[in-house]
Amino acid sequence: MAKKNSSETEDRKDDHIRIIQEKDVETSGTGFEDVRLVHEALPEFHHDDIDLSVDFLGDELAAPIVIESMTGGHPNTTKLNRALAAAAEETGIAMGVGSQRAGLELDDEDLLESYTVVRDAAPNAYIYGNIGAAQLREYDLGTVEQAVEMIDADALAVHLNFLQEAVQPEGDVNADGCLAAIEQVSSALSVPVIAKETGNGIAQDTAKSLTEAGVDAIDVAGKGGTTWSGIEAYRAAAVNASRQERVGTLFRSWGVPTAASTIECVREHDCVIASGGVRTGLDIAKAIALGARAGGLAKPFLKPATRGSDAVVERIEDLVAELQTAMFVTGSQDVAALQNAEYALLGDTREYVAQRCD
Amino acid sequence: MAKKNSSETEDRKDDHIRIIQEKDVETSGTGFEDVRLVHEALPEFHHDDIDLSVDFLGDELAAPIVIESMTGGHPNTTKLNRALAAAAEETGIAMGVGSQRAGLELDDEDLLESYTVVRDAAPNAYIYGNIGAAQLREYDLGTVEQAVEMIDADALAVHLNFLQEAVQPEGDVNADGCLAAIEQVSSALSVPVIAKETGNGIAQDTAKSLTEAGVDAIDVAGKGGTTWSGIEAYRAAAVNASRQERVGTLFRSWGVPTAASTIECVREHDCVIASGGVRTGLDIAKAIALGARAGGLAKPFLKPATRGSDAVVERIEDLVAELQTAMFVTGSQDVAALQNAEYALLGDTREYVAQRCD
Amino acid sequence: MAKKNSSETEDRKDDHIRIIQEKDVETSGTGFEDVRLVHEALPEFHHDDIDLSVDFLGDELAAPIVIESMTGGHPNTTKLNRALAAAAEETGIAMGVGSQRAGLELDDEDLLESYTVVRDAAPNAYIYGNIGAAQLREYDLGTVEQAVEMIDADALAVHLNFLQEAVQPEGDVNADGCLAAIEQVSSALSVPVIAKETGNGIAQDTAKSLTEAGVDAIDVAGKGGTTWSGIEAYRAAAVNASRQERVGTLFRSWGVPTAASTIECVREHDCVIASGGVRTGLDIAKAIALGARAGGLAKPFLKPATRGSDAVVERIEDLVAELQTAMFVTGSQDVAALQNAEYALLGDTREYVAQRCD
Amino acid sequence: MAKKNSSETEDRKDDHIRIIQEKDVETSGTGFEDVRLVHEALPEFHHDDIDLSVDFLGDELAAPIVIESMTGGHPNTTKLNRALAAAAEETGIAMGVGSQRAGLELDDEDLLESYTVVRDAAPNAYIYGNIGAAQLREYDLGTVEQAVEMIDADALAVHLNFLQEAVQPEGDVNADGCLAAIEQVSSALSVPVIAKETGNGIAQDTAKSLTEAGVDAIDVAGKGGTTWSGIEAYRAAAVNASRQERVGTLFRSWGVPTAASTIECVREHDCVIASGGVRTGLDIAKAIALGARAGGLAKPFLKPATRGSDAVVERIEDLVAELQTAMFVTGSQDVAALQNAEYALLGDTREYVAQRCD
């Protein structure tokens, strides 16, 4: 594949990160507020004996936490990725890089470093690559393997972000053939494939298609956290693209709420990452009780990453402490027990799930 | 039928339009807020290949959107109707004119032009006439055909607005024999007949009666948008008719919410227009997922119409873009697919529908 | 029965009326807000042909509206009762007088006139007397007949107000034997007996007991309107009776909401008056759709009564206009049809009724 | 057991009481707001004949009210415990002392008096001791009997407070073997054993384990009142322990709401005390209608206790008056009748219970 010098992809990444830091780009309504884990007054084990480790695509994570795909693709992001990766290394959790499109399509050493820094800073951590489904349709297997090699990835995430593409003036809105492309790469790639949304969730039927296509994990990235439709609305506003702004705003809160999406996906796949508005270790615990393997967070790591690796580690350890507490008071000594923890579903999520999953 | 010179009907039209532009005449609670379309992360088609066209009473519309019956009947409205009609022509959607009573009963060339301008400006668009059910009882078939001829109508809407009539001091509150009149005109008229409410919705039993009476389409015009009871309350207040004002205000939010009414009507008729508080292409998408053939809007087109045809076209294209996005992210390549799109019903609408339709 | 000169009962009446006029003595939550009558777009009759008349304990009312038991027992209230009675006479609706205890127990001509004025002002209206259940236990049949004779009553209401009695420092809290007393008077009295609450509603079991005891009608007087517990809390506060104030305040919103109570009572008795927070003709329509025979209002008539009979008539005509409109748009030409009108129950009332009546 | 001089436990008690008096340490959401007792308009007994007495672990209480375990363990608390005990003695209700750990482990006469004062002030009242489950694991039976003897206790409460321990920097988070320890002490101790939470409630499975372990009563101490997680968050904030503060705050409202916990526990045990956010006699009545034997309050007695025994008696008499009123208007002449009183469950509690208890 011939490398280009164009920097549209690069600049977009920069725009995005700036908007995410400056504007209100979070929705609410993950549905976790409707999940009530049941208190266990008698945990019957020592808090220090809680085991957070979890099998993840053949490997083991020290805790069921994922730093979701975010950055890379602009020299400015090298620092961020270094901090995130070093923290993943130190704490033993997984980390995804942002879309590698820029790295694959542009010929720029500095830009490439924004990806490669990750493996340098995290020689042992579980690191996975990232390619958009729309791009996947156009790449041959060799190009996809380049993405893996670029960061010596343990897995590759293929992101589904068609709402965002539809709101972008320059968006790639050809979704035709994506599933076939995912099926092909799932069977041929040297590493496991994770299918992921980016904030609108994955419904049960889609999870079924993805499972049949052979993906190794599904990351729900549901409604309730970072809203890409909202982010693109801000970008559109900045360039007076009022129709895009209007559409982006209208669909700001579109999608399957993360809790509901988790419930839908675990009916089809046994390795589900719950993300989209996950903000605490208690959210992670709820997601796991709903059947997820791990919880993922993107935006909450962004600000710590600008401050460096220690700040990211701090944030991860907060999550770990919160998750441990949740495990303690639900009487769940390990993640498998937490997956069987009792809960009640209330409100909209109960109504939604009752209609979707009966 | 002998033409009169009286201008009571004419002035009322003028009053109405002024009040609608100046006062709060919208209610909330269409029920669309309770309809959650399910996100499709993998649409599997190209956004540009979305087909919005829809069969409509033998014809085809470029998009499932209707400019609801509004104006005509006063020379002031000629400009508005010209703008609306030209936009319908340009975009290929349907348009209704306002009540033709004034046109049929009064002898005034300028006034008549407020209707005829529509066909002049829209030689090819789907245009339909409008007569009140209370008037229909009194007209012979020849008079009704005059309404059709007046604008070379493709269909005729018969409006049911008895709450409004009951609130008007001068209202025509004789509803006796309306159904028979509708049945007669449905079987004898040269064009299809659409039965429509004007903001209070149509329940399943009424839809059944109308279907059995042979109407070709039902426009629900449900609760949640423009409130005629509210409008008449303002008119009553202006003339110190305090009892009418009181009643009008009390019934401001009366009726079957548009989403519920759509669900009720599609059980009885296969050509249902959802209107009443439809404000975005996403509302139209929801209505279609509930089984409607098309979505209709009245008030949202009023202000653009005062600015001219281009502004109306802009508004229609906004709706189209919103609807296309909804179709894309529900994986619905055409309107038929959208009618089969999955959704969940929450809140009051779920409770209401459960009790009404089981 | 020997007449006393003590005026404690008399002063209490005066206190009450003053507090009701000056303080916030209304609760919310009648449940009518959860009752959604179904719109009928095609009423198929002339609005002027609506028949509001209703059979009521052998007689006929011009409209299904009752002026609930309120005043009498203090010379100050003569004027109020005259206005109310004259309005009942003019409009053909029913009216109850306030508790006749003072009239029976005290020897005071002026005071007596506060009751007798009612029949003077309303020679033909349906007028009913009022005695507390706690008093009934102590009176012999002759005394009860005196109450009937005092106003030439068409019926006698026996009120159940034990929450109020419990909050009053001087309250009569002996409820033992009330049912037997009601049974006795129901079988022996010369006129029909109405059992009524005063703001806390009547549940199905109680309605069953009352029906078996032979009462001719039940007036639910449910939660959601005037709160006697709240009124007594104000009286207690005025005399620094802080425990009573506390209890009165705690039970301010106690009771079966009027809509729910109506549903419960009509399962046991076919002549049910719905009262307690009924404020509009639409509330009356809802109550009747739930199965009531008529709707009753107390507090809303108090202020008009201070202004005279015309003001009360105005208020009644407002209610009539509102009720007629509700009947028109539910397609109910008479009260019997309205009793069969369709509705949906939402929210708390749906949940409550589902648990109480299945 | 060797007595220590360390005063960490002592100081903690002091911290707690100060924070409880100064900060917002109450959550909401006991679920009592969702419990609607059904009004009985015809109680059919004399209010003065209401019998509040209840069997309680072999003894009889004058009213089904418990002063929950609070203080002792610091000389400052002697005054408080004296006031509480004297009031329990005067009113014939039960009272628990706070954790006796300090009394068992430290060698300090003044401190010891803070416990022993209770029996001195209340020679006849039902008084029970208190030991943490985490401590119980480490004590031999002799030590536990010392706790009983210390106050000549009628029963011993074993508290389960692992969420609090998990939030405390110095917390004892070894829950391993607690159930066995409870089982042992339940079978061997000279007095009945009460298992109690401290604000997060007890779920049905835990209640089952405790019942099988032989405890004589369960005190639910559910979510909705004093929040120990919140209290520890304040303590953590004061010493800049930000992670603990964060976790404490996150779990501020954790647990099974008191009403739901009561419903869950009475399915397993027939002697259940409902506590946690019980604030009025109406709450107590609701708890009893849900199946509880008695209601318990802690925090509401704290401020009166600082003012002396009379103030506590006043507060108890308020509760009694409120409870009597509730019994009167539900037609419950004694506590057994109240346990059979009818109610409806609404809202979240209904949803929660439906999923937990079907």
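First chain written, first letter: the chains are A, B, C and D, and each begins at residue 1.
Just so it is clear, contacts are C-beta pairs under 8 Å (C-beta built on N, C-alpha and C of every residue); 3 or more make two chains touch, one makes a residue touch a chain.
Computed from a predicted model, the values in this text were never measured in an experiment.
Interface chain A/chain B: under half of the residue numbers present appear on both copies, so the contact uses mostly different residues. Fitting chain B to chain C on CA positions gives a rotation angle of 90°, reported to the nearest 5. Taking each chain's centre as the average of its CA atoms, chain A and chain D sit 44 Å apart. Measuring from the averaged C-alpha position of chain B to that of chain D gives a distance of 62 Å. Annotation for chain B: no residues touch 2 or more other chains. Chain D makes touch with chain A in their complex at residues 133, 160, 162-163, 165-167, 173-179, 197, 200-203, 205-206, 209-210, 223, 243, 246-247, 250-251, 254-256, 348, 351-352, 355-356.
Interface residues of chain A facing chain D in the complex, by the touch rule stated above, are 36, 38-49, 280-282, 317-318, 321-322, 324-325, 328-329, 342, 344-347, 350.
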